[in-house]
């Protein structure tokens, strides 16, 4: 079970694909103008990630080293295309607002990164869990970024949630602040960069403080004798 | 080599170099009076190494009596430059003393107690030096302990020993650094000797053209040289005078070469790579003294200046004289108030502050500057670089000082080398103009020292690795050899046994087998006894 | 007596960063005066707000970073940022505009990167762009020149407007921006751009009263005033001529070509030079040493890029004036410019 | 129909690329991995064993196989930084369990106390100690890496580790460290 | 060696490609219908906002025709006719306003047979967020100010923004965007008044032409 705990920690925090590996920034920054969009893309990425990780892990023994990258890309591309078609068919509104960024999931380095770094070396259960946690980590950052940008730039939360979750979700919309003049920058792409920068800075600051607080573990290392006594 | 611009050089054309600054010259302070001779001190501290390169081997022992001009060291195995006794007296000590170095560290010195007689060691004058061979001349220059008196202190004979085609010998009388007038006074008072020294240098280097460069702010020196050269037609055809516009650092070797010839010395190259050789006027004078009069380098002109001295001027100072004695004679009065006094050896741009006044005057000491805080205000607090680029505008090496500064702070040594840190001549122009008062040169020096150290460490690590691997190999070999020996010994033993058995002796192998059988029997008996004892014990307890 | 150990050189030219910065903000004074003559007293209130915000932000950051507050104020760089931002925004903009802009410039653009000398982007212009992108309405509501306005504003009126949005008499900014003919006025560049997109020719567009006789009422003289200040800076060797020359050339040459080619649909080079923030940008903003290229050649290229970008954005872009965007874009190009304009060091083959 | 085309086209394309890759994999194979040599070149070669490996080369091999890069106290921060760059990982602080970065030192034998046991000679990884049984030993200072492996075996504790002296040649331009002489007023 | 490696890699890769393509093809087939329905519904939703259900009983989506008029902008434009009991009642037309602040604005404008505007919606635009994007119904109801109005001839001066002396508010700070929209709607209305007969009579020919 320890391995799963470690995977959770890795995906959500220490090796978070968005905050630490800085992978998949293009969709990350482009679609996070609202929580709804962020959540939509996050979930789509998560599904693709889990699917591709499991598939890659299952086929890893049959894929020769030389062609593993093309195979991984093909697996991911298939999942994304299927996902795109399904979204187009059943969550049309969200499909429209996420637009071009769904096909771009194919090029989200986080996914092929996990396939190569983890799934191709580990059994499918662990790979699935790794995909889940990495995807969750990615989604959480997306949602956080989306929330901050939406609040600053629009004064709302869950604006347009009905597009993702159906008509009932329009109830979710919260008008937090009524701005006369919202800070438009926040929902424009440069705002995404700036807010993302602050989130990363915050994480690093937190980690550093934790590291300072943590006592260095006492560890005994036996020094090797280089030479005969 | 560019023969194309020879005619332009001949025509007296001057070029210019990038950047440069015009700090207040303040030469009037010390160039008004003739050079005075400093009275002999009671003790002299002669550092064994006063030049760049290796030190020589010490020839004297504590208690020895020496005379003025007597060599205290000889080149020896390390091909060092000799130093000579500045006056007659007794060797008091040979030990580590603070030396004139920015670090304030100590180095090996020979301390002399002067006897006041100033008796001279026999000299070998040679007025008709034309008869001497090149090798002999070089030998004499070396033996006289002459190192470049302009500042770097590179042994002159070594510089002259390089044999390459030469177009010009340049005699550097620019003395561009503010305050310093040692060369100025020397040129005014000893022009003939300098010209004589120049001729010797031309003979040694096999160069038949020389340029004497003097900055335009020394009209008296220029007048004297013009006159002397015009009086001697034979000389004038070979030696030309060039007046150099006032700009700091036009006296820098590379900068002066660009001014006079329009050529640039290749990076990490030498002037000789572009057919040029440069010596300072002081060196020319010293060579004249050494060859014609046979006097080794035991004294030099030192400018003592600044508002904190009563008698600013130039002094003939014996090498090894403690700075304190010179300052006392020149009337140094300390600053009052809290502000700390700076005693600068060298000029305001490139000199270094002394931590201790007991350090001796050495071959490269051209100036002692004692500024008041009003004339040279101490550095203010360093502020952040605002990338204004003023430093790049004045850098005579056309480097990007601010870039170097960022890299030096970031300890990016590869980046520093890419930005040609080692082309920096440490002239200080960048730090002079820096509005944020960043001690730029200091950063470069630190970085340079660090890079050199890293290179040294790297070389050392490489040697250590080789030694380690050699040792591993040796151990492995020894192990193999040992095994081999054991094997051979065992075989020999076997053979011997076989022989013995064959000869009818007991087979030792049988004896061993018998011993083992005995031991086994004993063990079995013991085990049986123990089992019995156990049984009985159990019986009792139940 | 003790000896002071210091690194060479021991001599120093006495021109400090503080003095450099002081020259910069002294040289904008003519511009500020002309500005107040045409657009009223609002500029002084904006300056005041900007300076206060800048000082408070600097002090706060320095306290947080555990550095001396005095040292941050001492170098006067924050003053320059505040002044440049204050004269860039419409002078009757609400108070929170300048406060947000200055705070962003100081806190995020300057100090997040590490403070003086470390920032990648020109703080004043980054602040300006933040404001322009976020509050386009306020940032494009330039007051009309007083000479064309129906109502003249007292200082008290101005203060009321900036602090609450209404003058003492209860007029809103929008109402006050109506000209003599009752039509709200845009800046000359904005007006021209609108009209051009409206299928008017340049000549027709220039008939509007805002243009007056000289490159737009107020704006022409404002640019002349900044030009004057800029020339003083060059004369004082605070800035080198390379960047302003680059900007003006980079703007004028393509603008002239376009104008010769298509005079009816383009802005004349003269109007380009004498309107908007051209001179302010060329002499005061682009020349910010921290964010400009380093070598003289690099500076000239940097200027050319800004000038050309200004022209391109003004002609085809989404915003009528473009100096801020052009400067920020060129800031991003600085490392590349520096890399390729690095002078050949002595002894590296320049002369042999 | 179009679907069949898609399947065929993609299948054939994949087949062709697979063939190319299969060819390239054999044809352009890179043989040895010189990474160990590169790592070894960065390590300070003190051969001190503080990393837990018998010598720098074994540690270099361990790093190449994924061991942590922060186990070398003599190299200190600079070495970690270089290793991080070479290995493409984040630099980490020195693992204190292996020791701390210290000034460069050199071993010196107090010669009058030396009994000539040769134990230190056997311990020295770079053969920097000269001597023979029952004869006095001495350290070749400029070959000594300062690893202090010789200190412990010495039965009479006559080996000192002294910091490498600062000479004007290797001085680091730290003006703050210069002791300033206070001169009493001459008057 | 090479032959074996090539054969193996080629086969595996091809196998994967075929399986992947099969999967995609299957999904595409499966989702084809729903996707079409979604797109239809999307447009219908807008159309129904513009043409109230009580005004029509026909399938607006099917009753579509392509027309070419310079006034509507370059290229073909779709018109959707509404009828109640076979009686033409209203019509929606796609209009391009080419002179927005940042490029063209795509509008859908509906008119009743009486010639008055029954509604306008923005389909696509790139106007400045926070400024020009108030033409979206989601952001502002400015777009509804057209409802019920009619252009009285080409020189109807009321059809302009207030800045130009017309009756439509420009929203603060931006004039170009509303001006472009007002002009486009005006042009469309004039064209509708003139083309009404032909447009209602035009055949349904949108099918197969993707938008």
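Each chain carries a letter (A, B, C, D and E) given by its place in the written order, and its residues are counted from 1.
FYI, contacts are C-beta pairs under 8 Å (C-beta built on N, C-alpha and C of every residue); 3 or more make two chains touch, one makes a residue touch a chain.
Quick caveat: nothing in here was measured; it's all calculated off a predicted structure.
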item: Steps needed, at minimum, to go from chain D to chain E via contacts; value: 1
item: Leader among chain pairs (count of C-beta contacts); value: B-C
item: Chain centre separation in whole Å, for chain E relative to chain C (CA means); value: 42
item: Gap in Å, rounded to a whole number, between the CA centres of chain D and chain A; value: 38
item: For chain A paired with chain B, centre-to-centre distance based on mean C-alpha positions, whole Å; value: 60
item: Intercentroid distance (Cα basis), chain D paired with chain C, Å; value: 54
item: Multi-partner residues of chain B (each touching 2 or more other chains); value: 104, 334, 355-357, 442, 445
item: Residue numbers of chain D (touch at least two other chains); value: 14, 17-18, 21-22, 25, 47, 55, 125, 173, 175, 178, 180-181, 183, 185
item: In chain E, residues with contacts to at least two other chains; value: 5, 8-9, 12-13, 16-17, 20, 130
item: Residues of chain C defined as touching chain B within the complex; value: 1-17, 19-20, 71, 74-75, 77, 115-118, 240, 289-292, 294-296, 299, 338, 342-352
item: Contacting residues of chain A [partner chain E, same complex]; value: 59, 62-64, 66-67, 70-71, 74-75, 77-78, 81-82, 85-86, 88-90, 92, 96, 182, 184, 187-188
item: Contacting residues of chain B [partner chain D, same complex]; value: 99, 101-105, 107, 328, 334, 355-358, 442, 445-446, 449-450, 452-454, 456-457, 460-465, 467-472
item: Complex contacts: residues of chain D adjacent to chain E; value: 3, 6-7, 10-19, 21-23, 25-27
item: Interfacial residue positions of chain B with respect to chain C in the complex; value: 2, 17-18, 21, 23-24, 104, 178, 254, 258, 262-269, 274, 334-335, 339-344, 346, 348-357, 369, 371, 376-381, 383-389, 392-393, 396-400, 402-403, 420, 423, 426, 428-429, 431-433, 435-437, 439, 441-442, 445
